[in-house]
Amino acid sequence: MNTFITAAGVALIGLMLLVLIRAIKGPTVIDRLVAINVIGTKSIVLLLFAGILFGQLEMFVDIALGYGLLNYIVSIAASRYYQHRKSLEPEHSPGGSPVS
Amino acid sequence: MGFLGYILISTGLVFFLGTTIGLLRFPDFYTRMHAAGKGDTLSTVMILLGCICLVSMSWLLALKILLIINFIFIGSPTATHAMMDAGNKAGATPWRKDSK
Amino acid sequence: MSALPIWQFDVLLLMLVLLFAVVALSIRNLMGAAVVFGAYSFMMCLIWAGMGAVDVAFTEAAVGAGVSTVFVVSTLYNTGATMQRRTGGLAFKLFIGVVVTVAGAFLLSALPDFPKWGAPDSPVNATVAPYYILNTFEDAHVHNIVTSVLADYRGFDTLLETTVVFIACIAIYSIMRVDNAKLETDEPAIVAAPRYDPSDSLIVRQASRFMVPFMQLFALYVIAHGHYSPGGGFQGGVILGASLILLAISFDLKFLLRQWSEKTLMLLVAAGVFLYAAVGLACVFMGGNYLDYGFLDSVLPGERDMARSHGILLVEIGVGITVMFSMIAIHINLASNGRFDRGL
Amino acid sequence: MEKLITNFNYVIVVILMMIGLWAMLAQKNLIKKCIGMPIFQTGIILFFISIGAKNKAKVPILSKFVVENSSAIIVNDYANPLTQILMLTAIVVGVATLGVGLALAQKIYQQHSSFDEDEILENQRK
């Protein structure tokens, strides 16, 4: 079982690396936000995997629960941000946005 | 029971692979959001259910993991909605067939 | 004992974390940098968990997912800066790079002298630490060694750290707070954010309304159950603060300020530190040393070791109150640009 | 070279500290400096935590089984708790100091309407 969990964890980290490509490339901020949100959800799973591998799942499940509760605050903050600031442009064409 | 756990975790990984490919290959923000919002939630829920089946644990621990699933089921679609809202308000343009 | 350290995860994650750090610094859009920095903190949480530091991982999870990114976002919201200016100065950057590399090379030259990664007989692990592991249950009747060392053996340290959080809160308050009456004449408000906007998303508000009570219940559990599982005042305080920050974001800053006035918030920030210091002083009056909870046994139930356990709980509650309300006060100051009326 | 593998964690620590220091010194943007500060800080936290990690150790929480049967506690079964508590408080203090930095940056932006160091200096000379 431990080998399977380890393999699954390594596969998850590998796929997270691929998701990170979207966070690096992503032409707009929102694309990055989507990628980071996916990575955050997968951290919950990896925390549980770490708990299984340590053989002390009851110690790790609280952290995962905290993550599950808090994970979506940043998305909501970003949504509030873009309600009032319409400044979504690909980074390579600065356009008319206030540059600082 | 353990067999079911292996199947659930593997299926979850396959769904996460789909999410990753969707995030990387889709042409614009809205379609990427489509891949990330659905595949991410489903794969996380499946892997967590797989953990419950795979590892022998007390009912309290299983309840906690079910609570995590519950919170992800509420939080993750809300985050998806908020990000979609943000993209819409910030003016992300949808992809068309004739756009390059 | 199927104790298996997950070094194979750790090596992968350590590589990944470097990548995240570089990406967060190289993205020119400031909002994007803030978002990637949030993910950097996720990775760090996984690394702490992989090394068996569950309490640290919990703190990092609560701080990274709940508050730190929101602080950066609210600063960006109030200033309206989106892009980093494309500056030249490549020579300067290279010069700094050389200086930093030389400093790093000096540090790396000490590499062979360090004990091996994960060696149980290194000086750090073999001198002081075994005392805590062996004696904590007899002394304080606490299962979680980290909690007992945090609040009991090294109580002074934690008292002063809590004071630092308090002082940081005061500093931000004195930097940011402006008088609303004077503001109109002095300078125009930089952000003309609309007031409460009924077109706000109903879905977000209903989801927050559902989640916030669970968050607060969970945070109270974390503070109270910190004796037996990872958790304690810092983690619970940050989660409580994050729950109210979530309310402020998804509804409106006014919604939060209707229930917690500015004065109440600042009084409660001080009250937590006061509770901590008062417990210490009570020990002095009962005849012991400062923060020696064992002497509270005539007031608190149980023998001397149980009294220490209960004293730790009191102190953790004090820490939780200070951390919770200072997080909220910092958020309100940053989000409303010091005006305490509207904001992110 | 062999040390480079057994002491891999210290290499990452030094690189993280270098990245953070470089960001704080060379980046002209105040927000980027504020992001560099936590990176430097996590480098130091990583140093402490990894120096206290033990091979084949569990988390430093005594299980009910060990306590109730009053069996001997084996020190090397538990990771070092001391380094962990030193860093636990540092994280919360770190986010409070990040708040102070951001507050200062926000005030500076109000005065000079820029986060860029060069522009701020130019504004001041005027």
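Order of writing sets the labels: A, B, C and D. Residues in every chain begin at 1.
One rule holds for everything that comes next: a contact is a pair of C-beta atoms (placed from the backbone, for glycine too) under 8 Å apart; a residue touches a chain by one contact, two chains touch by 3 or more.
The model shown is predicted, which means the values in this text are computed figures rather than measured ones.
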What pair of chains is linked by the largest number of C-beta pairs in contact?
C-D
What whole-Å value do you get for the distance between chain A and chain D if each is reduced to the mean of its CA atoms?
20
Whole-Å distance, C-alpha centre of chain A to that of chain B, is 11
Whole-Å distance, chain B centre to chain C centre, using C-alpha means?
28
Multi-chain contacts in chain C, i.e. residues touching at least two other chains, fall at 1, 3-5, 52, 54, 76, 79, 81, 84-85, 201, 204, 211, 214, 229-230
Residues of chain A engaged with two or more neighbouring chains:
33, 54-55, 58-59, 62, 65, 69, 71, 76, 78-79, 81, 83, 85, 87, 100
Check: chain B positions touching at least 2 other chains come out as 71, 75, 78, 82, 85
Chains touch in the following pairs A-B, A-C, A-D, B-C, C-D
In their complex, what parts of chain A are in touch with chain D?
54-56, 59, 100
Using the touch definition from the top, list the residues of chain B that touch chain C in their complex.
71, 74-75, 78, 81-82, 85
Taking the complex as given, what residues does chain A use to touch chain B?
1, 4-5, 8, 11-12, 15, 18-19, 21-22, 28, 30-31, 33-35, 37-38, 41-42, 44-45, 48-49, 52, 57-58, 61-62, 64-65, 68-69, 71-72, 75-76, 78-79, 81-83, 85-88
Chain A contact footprint on chain B (complex, rising order):
2, 6, 9-10, 13, 16-17, 19-20, 23-24, 29, 32-33, 36, 40-41, 44, 47-48, 51, 54-55, 57-58, 61, 64-65, 67-68, 71-72, 75-76, 78-80, 82-83, 85-87, 89-92
Where on chain C does chain D make contact in their complex?
1, 3-5, 11, 14, 17-18, 21-22, 24-25, 30, 33-34, 37, 40-41, 44, 47-48, 51-56, 59-60, 63, 67-68, 71-72, 75-76, 78-79, 81, 84-85, 87, 89, 92-93, 96-97, 99-101, 103-104, 107-108, 111-112, 114-120, 122, 124-125, 128-130, 132-134, 136-137, 143-146, 149-150, 154, 157-158, 161, 164-165, 168-169, 171-172, 175-176, 187, 190, 228-230, 234, 237-238, 323, 326-327, 330, 333-334, 337
